[in-house]
């Protein structure tokens, strides 16, 4: 299996590397968006897919990264690659601040606390308009960097996926899964579940933070409403779920399939595509809660690392 | 440019907070029932409220009914919708991990909002019935909000009577305390789930019907209500139904007072900080007993 | 053989050898646009789309543009800037459209314009009212984007000017915290300063807010002569209702967007009386072709156009005029024409400065009087006198 | 040498009902203790109090002379108290071997070797790669048992090890427990099967309605009037 998989992945990587040379502007931007969704879905998977703690406001880290990165570019004149890293750092910092109280909450309470966090960040960004521009949004100097951003976003997606692989194959990752399976038993076996959760939470915040900052730079304009929407959170969750949560490549598959579906199929039905999206969510939850890979793994006894 | 806040202003917003709080309490009671009985966080609760508002709008403008008469009709209609949703979809995620119920009901929620958009368009609509205020001792009591308050208080009180004294209510409470015990005692749990979901949807509809006379109606109006309702049941204590009343009034007061002293934007932040604090200090809510 | 046959034969032959093709048989000019057909701005984006459709139909009825048919290619951006950015990129690089028109709303335009600038495409943006899109710091100038409507900053000018002329001294400014409303509010503050009005209260509220009790309690305590609210529709309605409930009685109360919609009166009924509103356009305004546009729009879509419809329609006409005068689709040549074009459209006057910023179009201020919007400002377009001062709620 | 475990006047109530009231017991090294009592007498609650899953209302718990009440469950486990659960709590979506690996620290290869060894020891070697959730009840019980051993605990708390286990397996298990004692461990087990308790334990504690009503050798306990009353009613 892996004998076939590794060369295949190398071919795909090579193709993606040369793509900006032949692809149209739209093509490059679309693939870059796929990278972004892989990053988001893969990162969500690190905390929620592995530990079962449902982060229902994961877009908060994306938005925090977007604002941190954009502010550093606009006000401090930082070069965007550095600002992107800072966006990741800002998201991790936020995860520390919010993780200490919120990761002590259980089940649905954690989910709702995260949902609220997202709303609150939006309110705060709007309120501190002296810094953030508030509802005016933040406009960045014009810059055509869509190809470099394509590569950086690609590397980011690769890093997040590689990190998932490292984690899933490590004892750290297995311990995260014990939190999902039976947190109490894990504690009784000497596993420091809180700090494990916190570790996963911080890792899961970094990717979205960097992605947010990159998106802000690429788009050149951000505003509170468009970087903190619940829809982004739900989309990344559905992608991870569709591909198979708790797996390494599930989020990748989900991001690719659903993004392509959205671009090709939904664009044809402008007035009903939100309905389609709703139907897909319901179908994924009811018919394939383990996702594509989960089903395959069960049926063909494939290892979790695929 | 700043305004000095006087006791009279504080009194005025406290009144507003209580008026708003009663609606919060009634709507949140529905969400709380579903959560208590089925362990489902119903993201579609807000959109069901929106459907209730449209019911009132069309019954008032189309059939020419008195808006207050439409409240029970909207409740009955949404009871049916709720039962149907539960029977077809929601029953599958009862007791499932919260991810499933959150996503499933979110899916239902965007489907409802977009169906409403297709069916009713996103034109803003409103039911203008009673406007203005009664002035009592310098305090302005908004007529529509006071009437909504009375309705909400009435519906909530009736709900408590129903939960407390009827066979059905007892079965609902038993099921929310322990499904196994309820089953052993001969409660048809599947039926209770259905009725609870219908009943909860009816409460949301009542909220929507009353709101229709207060704010503009549009397909996306329900969104904030899901989150607010959840705040209320957390404040009051999940599974503790009278807690919804306390939580609702508390949220209404906190929002209004925070809006007065800070700004309307920051009141949301204050409410959230309150939520996290309450969850950390008393995970079972302000009125809740000890969680095991 | 019928007399027509030789001609038909000649055309067929010409087509077959790919020789001289009649102008009308050329491929159409395709104009791309991303619009908010769903999501937050669905209703307004749809009106703009219908404006484009009327324009498309009208241009084609008159023989098209440069002798070619005009065809709009429209995608839905779900009111999200990120999606719009991708869609403009798609329109330009994949669909290879000949020209583009602007999307709905300032935020979406602000994001999309980065793409159209990158590909040097002229974009007439008929529904972007924010100054910052056009007025850029040196080194970040945008060259190909053109403004049609009046900037958000002047929305409340008419209200304040009318008040000052009647000796009013104080104003409270409240606004929804979104791009457009904020700009309108800060514009109002500027105007107030210039005219010597004192701003006694200013506060923003979040989008989607429905309970204004606390805010209005503070407004009431500040006791301003004028309440200027930079709103969208639902907050305009909620504010009005609660002002009545809390007996907030300024001598003038005006809103920005929403107050001009027929639904505003339908919703509030007599409570809408005396309220001032600002609008970019009214069908009663004596602009050339305005009445015809109104009639054909109503016939086509079974509802009245809003100013979004008219702006979309006019924006498309302006672009077409630029193309016609340049006699080319080339961006630089069209840009040159659009920069010096002065035109009176059914939507009002068009003329831009070197940044593509609108300088000729006029906002009008109206007041709801006996179920009708009566234009009361500016004086040259006014159809009536404002009923002043606004009586307290109890005696309306 | 201090006792392995000292439980002093521990009290725990739920909603006004005392689940454990003023229970004290002392465990010496290298011994096997039994904890018996009718259903609902507070045995599992006492286990939870010792392992930090429940907070005490009063009293103290010391492990090898150090107070451990108030510590988090994982801190207590790391000090050397291992336990199994009355209802099996394996991690179903981890393989049998992974179930063992997660509780280890230190070099992974060494942990894996020891894990396989222990699985061999309970004759689950061939199933090391199987998801624990797919194993039979008895096999899961064994996985849970060896998972606990992986932490190399000084004190072992077993909650009904015999329940639902067939005769052969049970004998193996009891054998293993005896050997653990011989290797220097202390064992406290909750058990309903009197034959197991009487055959294995050196000292037996009896709980009833949350109170300790007797303590002594199996023989003495069997003859104790209060114990008989507790079991068979008045």
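First chain written, first letter: the chains are A, B, C and D, and each begins at residue 1.
Going forward, a residue touches a chain if its C-beta (ideal position, glycine included) is under 8 Å from a C-beta of that chain, and two chains touch if they have at least 3 such contacts.
Everything numeric here is computed off the predicted structure, so don't read it as measured data.
The minimum number of touch steps separating chain C from chain D is 2. Set against the C-alpha centre of chain D, every other chain centre is closer than that of C. Two chain pairs, A-D and A-C, are weighed by contacting C-beta pairs, with A-C ahead. Closest chain to the protein centre (all Cα atoms averaged), using per-chain Cα means: A. Averaging C-alpha coordinates per chain places the centre of chain B 47 Å away from that of chain D. Averaging Cα coordinates per chain places chain A and chain D 42 Å apart. Chain B and chain C have centres, each the mean of its CA atoms, that are 37 Å apart.
Residues of chain C in contact with at least two other chains: 38, 40, 177, 204, 206. Those residues of chain A in touch with two or more other chains are numbered 123, 126, 271, 274.
Those residues of chain B in touch with two or more other chains are numbered 114, 263, 265, 268.
Residues 37-38, 40, 75-76, 78, 80-82, 85-86, 89-90, 92-94, 107, 110-111, 114-115, 117-119, 130, 132, 139-140, 142, 176-179, 181-183, 204, 206-207 of chain C are the ones touching chain A in the complex. Residue ranges on chain B touching chain C, taken from their complex, read 1, 3-6, 9, 12-13, 16-17, 20, 114, 117, 121-126, 128, 131-133, 135, 140, 142-145, 214-216, 218, 220, 223-224, 255-257, 259-260, 263-265, 267-268. By the touch criterion given at the top, residues 51-53, 72-75, 77-78, 82-83, 85, 89-94, 98, 101-104, 108, 111, 147-148, 151 of chain D touch chain A in their complex. Within the complex formed with chain D, the chain A residues making contact are 171, 174-175, 177-178, 180-182, 184-193, 246. Contact residues of chain B toward chain A in the complex are 35, 39, 41, 89, 92-93, 97-100, 102-104, 106-111, 113-115, 118, 227, 230-231, 234, 263, 265-266, 268-269, 272-273, 275-276, 279-280, 283.
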